Structures are given as structure tokens and as C-alpha cells.
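In what comes next, chain A is part of two complexes: it sits with chain B in the first one and with chain C in the second one.
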Partner chain A sequence: MRRWAGRTNEPLFWGLFGGGGMVSVFLMPVLIVIFAFLVPFGVFGGAEGTYETMHGVLTNWFVALVLFVVLALVLWHAAHRFFHSLHDLKIHPPEIVRVVIYGVALLAPAIGYSLFLVEAATS
Partner chain B sequence: MTGAPTSSPTGPRPEDTRPAPARTLDVGRLAQADRVARRREEGTGAGDGTVSQRNPYRPTMKRTWFLATKEYRAYFLREGAAVVVGLFVLNLMLGMVSIAAGLDSWTWWVDLQRNPFVLVLNVLALAAAVLHTVSWDQLTPSIIKVQRGTRFLADGWIIAQQVLLLVIFAAVMVAWLGGAWS
Partner chain C sequence: MAHSEAGGVMTVEVQRYRPDVDDTPRLVSYEVPWTQDTSVLDALNYIKDELDSSITFRWSCRMAICGSCGFMLNGEPKLGCEQFLRTYAPGPLRIEPLANHAVERDLVVDLEPFMTKLAAVEPYLHPDPTGTPEPGNLQTPEQMTRYGQFAACINCMLCYAACPQVGLATDFLGPAAITAAVRYNKDSRDFGNAQRLPLLDQEDGLWPCTFVGACSTACPKGVDPAAAIQQAKFAATMDWATEFVMPHHGAPGAKDGGHA
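Let's look at the complex of A and B:
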């Protein structure tokens, strides 16, 4: 207990934020162009074609784990910036708001991956 | 000025009534110092060397401060953009679960991306992601310093490395979805 007295958890929060920012640089523009525009508008053969290509690879538990962890970093980055923007807007929320914001960034990938495993096992 | 003779301009001032510096912060004493200083200023004007009149700076910051200048707007746009990218990440996780659940749910998710509301969010997300990439590319050379001998690697190489990663990732994704390995 005493070892942690007067110390801050900010390096941990900031380190994950920096990691998310770093991977977001080269991942997000590509992922958004492909999955928000090219795939829905049929460039890669619509839903059937992309399902054929991707289903086998993505349902591997390890590939999915890596993808969810990387996406979790980006989500953490977003949560971190969102929380600190509240301060910039002169909103100084109670501690519970911080817990909820970072909690979404932690729980959404965890729940997503759990659902993913369940769906992959039953389909 | 009183008529006291002063041989040297740097010598002690006979009329100096400033109190000795307080050892601790004493509000009453500071107020007294203010009064003395103001009286001296009114009496002798500039050139007295008095700088002790307290005029504390009280910053005022409106809630809309970030609209004030171009730099503030750019800063706030960058911070806010992350939230839109975060929404797309949630969307993408939903897509991951959909593709695991089977072709029907994957078709539902792909069709969902053509919903006008989702489409607008996706366009905003793309703009936000590009803004993030550009702003991050601009700041990383200040943080990542690679030493080569006595010099540092030029900024352009740090940026080029990130652009290269983006190009490689895009090429791999397009090749994969284009059926290069199937």
C-alpha cells in the first residue's frame, strides 16, 4: 500500500493512449475506407464475397484476440481524449464519470470478444 | 522629494518607508505595502523605482475559449475527432461479432453501413481518422528521436515510416479482400 502512496497511474493511462494513437495512424483510415465504403458498396463482392474471404481467418480465436486488443487501444485513445476534453470545456465531472468513460473502453472490447467467441462456437 | 542630501544616486533613500519583507505571507502587511507603494507613486511618479504595487492577474476563461484562435480550434477539432473514431471502432467490433455469427448477420452489418445515418457517421469518422493521422505525423518527430552517431534522424524519416506502414497495411487489406490468397 505504502509503495503506491503519492504515486500516479497517469503513465499507464497515457501509455495506452499513446499506443492507441500510434496504431490508429495507419489502421483507421484504411479500415474505414474498406469497411465503411468499399465493402458496403460492393467493391469486394458484397457481403457474400467478403464473407467467403474473411470468415475463415477472422474466426481464428488468436487472430480475433489480436484484432480486439488493437481496436481496444484505439478505443482507449478516444476515451482518454474525450475525458480530458471535458476538463477543457470547464466540466469537472465526479470520479464516477471517469470510471464510466474508461470503463466503456475496457468493457466494450472484452464483451465484444466474449460475444465473438460464443458466436464463432455456435455458428 | 524632501531636502535630505544624497551624495550617491545608489545610496540609501532617506525617505524610504517600505516595510521590511514579510517572512510569511501576511495579507494585512501586503495591503499596507500596497498603500505605501500607491502613495509613493502618486507623490513622485515614475522613476521612483517602485514596482511593488500589487495588481494580481486574474485569468478569465470562457467556456468557448477554444473557438478564439485558429490554433485552439485545430486543437479542439483534433481532440473531438477521436470520439468519432471511437464510435467507428465500436461499429467495427459489432461487425466482428456479426461475421462470427454467420452470413446472415454479416449481410445485416454490411447493409447497416449503407444506412444514411451510419453513412454520415462513417464519413465523419474517415475525416476524423485522416485528421488524426496528419496531426500525429506532425507531432511524432518531436517525440521520437533516433540518434545516428552525433546527429538525429531527420523528421521526414519518422513520418515516412508511418506513411509506409499505412501503405503496406492498405495494400495487404486490398490484396486479401481482392482475392489474392484465395
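Let's look at the complex of A and C:
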């Protein structure tokens, strides 16, 4: 990694932010409409057993991992926007606030997935 | 825009200020006769010719191409020669110097910070280091279309007056300078991406931008600097990722058609 005066890790932060934005805008609404409305309300045929089928798919460790990564991107997007909104409001908090904001975005999905794995292993 | 009144006399309030003499800027009212085709610049020239010759402002072309007559008109950054008094009828119209800029006198602002930022991004063709293959350095219409819109900038600085981030972060490179960098980065004849990257990808480079979009709303030439900055962010992110994966990748940003 080349270094120069003032170079930041902002490309990484912004890249994840952009990815989270794409997911929030294009992917999530479609998934929500399909899996929260169309499928359960039987638009694609019998809704019988939908919950059990979905539950079975989502508790697969790999599907769950993908889901947590996608949700992590959305959370990262929100955190990044929130942090920059502070700047827009002329609030310049100490570095620790920045660490906490992005920390929540990193840790919440990680802890969530860990809890899922523990739960899956014990049930 | 259409207004039934064909003309009349309008109160025009102009901010007067001589930083070395006056304590604070003040608004001075002038009564300006106007007709359907009286521009704001015409009104200022009327004031200077007929009412108060000491009033100071910049202008040149009178046709929205030289970029020197940017003012705040009722609080919005506009070109004085492109706006007409009829739009502001029955008045009053308030004319102030461009926001986010230091005032030198009356409506004249300090251009130096902007000029420094613009020059910093090296907004000129960097020739192919391996030599120019064809005489004339030709380009197809498609290649020109890739940057054409960004080349329409007239350096009027309205986008700097409109941008809240320019007001918050003084050293922010700003909309037009970043757009100029993108304009050359996207030019098939240019090989200067690597030189421009360190200026763009730094704290005061393009990252203070939070995509407010006020620059593109204010721009009188349809340049869309907000889009240019987004493209520059994406390109900087791609360069960062490339270097992360391949630390010895060498100079990123070569003309590969992918990210430029």
C-alpha cells in the first residue's frame, strides 16, 4: 500500500458504504417483497409450510453467513452515513465516538452470527 | 419565469464591503429601471454608470461563458449575466458576493484558493510516456463523450458557493477542481491518473464530499460535478483495493478503460 500525506482508509470505508447502499436500495426491497409478502401470501402457489421451508434454508450455516454479511453491509452503510451526518451538523466528536459507531457496525453482525452458530450447535 | 410585468423600477440591494476600511459588510439599495431583457449584470452596470461608480464587481463576456460574474442572488449562487431582473420582479433583489469566499471588495471575491486547488490537480494532458503513437493524438467521438460533459466547466465557482462541505472544510479540493481531475483522467489521450490520485485520495481531497449534490444544482453549464466526484471516489476505491491485493502493483490508474 503506497502512502502519501493525508492518505486515509476512506476508500475501504466508502467502498463498504457504497456496497451497503447498493444492497439497501436494490437487493433488500426485492428480497423483502418476495419473502415477506409474495411467498407467505401464496402468490407463487401454496403457502403451506413456508415458515418451515424458510427456516430450514436460513439456518444452513452458509446461507446464514451470506445473510449476516449482507445485513452487515447495510448496517455499515447506516453507520458511515450517521458519522458523516455528525460532520454535516458541525459536531466533531472525539475519535472514540467514531470507533464506537463503526465498531457497532462490525461487531453486531459478528456477534449475531456467533450466537447463531452456538444456537445451531446446541439445538 | 414568465412574468406579466414588462418592466418598471426595481429595488436592488447590493452588498458593499471594503475589508481594509469597513468594519462590516452592509447592504445598499439602488433603484434600477428594468425591462424584459435587463440582466442582473446590466443592473449592476447601470448602478456603476449612473448611480455609484465606486461599486466593484467582475464581469467580461455577458454571455455565460467566461465565468466571472458569479454572485449570490437572493441567497442562491447564479451568473449575473444569465439571470434577468424580470425573474425577481417586483423585487427587491439582493446581490451578494459568492458564499464561502473571502471578499476583496464589494462583490469581488478572492480567487486564489480556488486557482490553487484547480492547478493542483494538473488539469492538462499528460502525454503517453512511451511516446505519442499517432500524429495529432486523435480521439473518437465516443472517447470524447466519456469526459465531454465535465469539460464544459467554465470555472465560475458557483458550485463552491453552493457546497456546504466547502464551507465546513476550507481545504476541501471542491467540486470543480475534482471534476477537472476526472475530466482529464477520463481522457483517452491523458496518462496523468497516477499523479492526480494522491491529491484526490486524501483527507482534504475528495473525501469531505458527502454527495449533497448542491454543486450540480447550482452549475449553470450542466457539468454535474457531484457525478464526477462519485466517479472519482469509485476510481480511488478501486485503486486502493488493487493496491491492497497487489501491493507491488506499480502505478495504478493507467489507462485500462476499466475505472477511469
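The rule we apply is simple: the second predicted complex is superposed on the first by the 95 of 123 C-alpha atoms of A that agree within 3 Å, B and C clash if a C-alpha of one lies under 4 Å from a C-alpha of the other, contacts with A are read in each partner's own complex, and residues count from 1 in each chain.
We take it that a residue touches a chain if its C-beta (ideal position, glycine included) is under 8 Å from a C-beta of that chain, and two chains touch if they have at least 3 such contacts.
All values derive from a computational prediction rather than experimental measurement.
> Determine, under the contact definition given at the top, whether A:87 touches first (chain B), second (chain C), both, or neither.
second
> Considering only the touch criterion stated at the top, classify A:6 as touching first (chain B), second (chain C), both, or neither.
In the superposition, A:6 contacts chain C only.
> Is A:107 touching the first partner chain B, the second partner chain C, both, or neither of them?
The answer is neither, since A:107 touches no partner chain.
> Now for A:15: first (chain B), second (chain C), both, or neither, which partner does it touch?
The answer is second: A:15 touches chain C but not chain B.
> Look at the residues of chain A and decide whether chain B or chain C touches more of them.
If we count touched residues of chain A for both partners, the winner is B.
> Between chain B and chain C, whom does A:63 touch in the aligned arrangement: first, second, both, or neither?
Neither: A:63 stays clear of chain B and chain C.
> I'd like to know which partner A:97 touches here: chain B for first, chain C for second, both or neither.
So A:97 meets neither chain B nor chain C here.
> Under the stated touch criterion, which partner chain does A:35 make contact with: chain B (first), chain C (second), both, or neither?
Once the two structures are laid over each other on A, A:35 reaches chain B alone.
> If you lay the two complexes on top of each other, which residues of chain A touch chain B in one and chain C in the other?
84-85, 88, 90
> What part of chain B is in contact with chain A in the complex they form?
It is residues 61, 63, 66, 76, 79-80, 82-83, 85-86, 88-90, 92-97, 99-103, 105-107, 110-111, 113-114, 119, 122, 125-126, 129-130, 132-133, 136-137, 162, 165-166, 169-170, 173-174, 176-179, 182 of chain B that touch chain A.
> In the complex, go through chain C and note every residue touching chain A.
164, 168, 198, 201-205, 207, 210, 233-234, 236-237, 239-241, 243-244, 247
> Looking at the complex, which residues from chain A come into contact with chain C?
For this pair, the touching residues of chain A are 1-2, 4-8, 10-12, 14-15, 18, 84-85, 87-88, 90.
> Residue numbers of chain A touching chain B in their complex, please.
21-22, 24-41, 44, 46-48, 50-55, 58-59, 64, 67-68, 71, 74-75, 77-82, 84-85, 88-90, 105, 108-109, 112, 115-117, 119-120, 123
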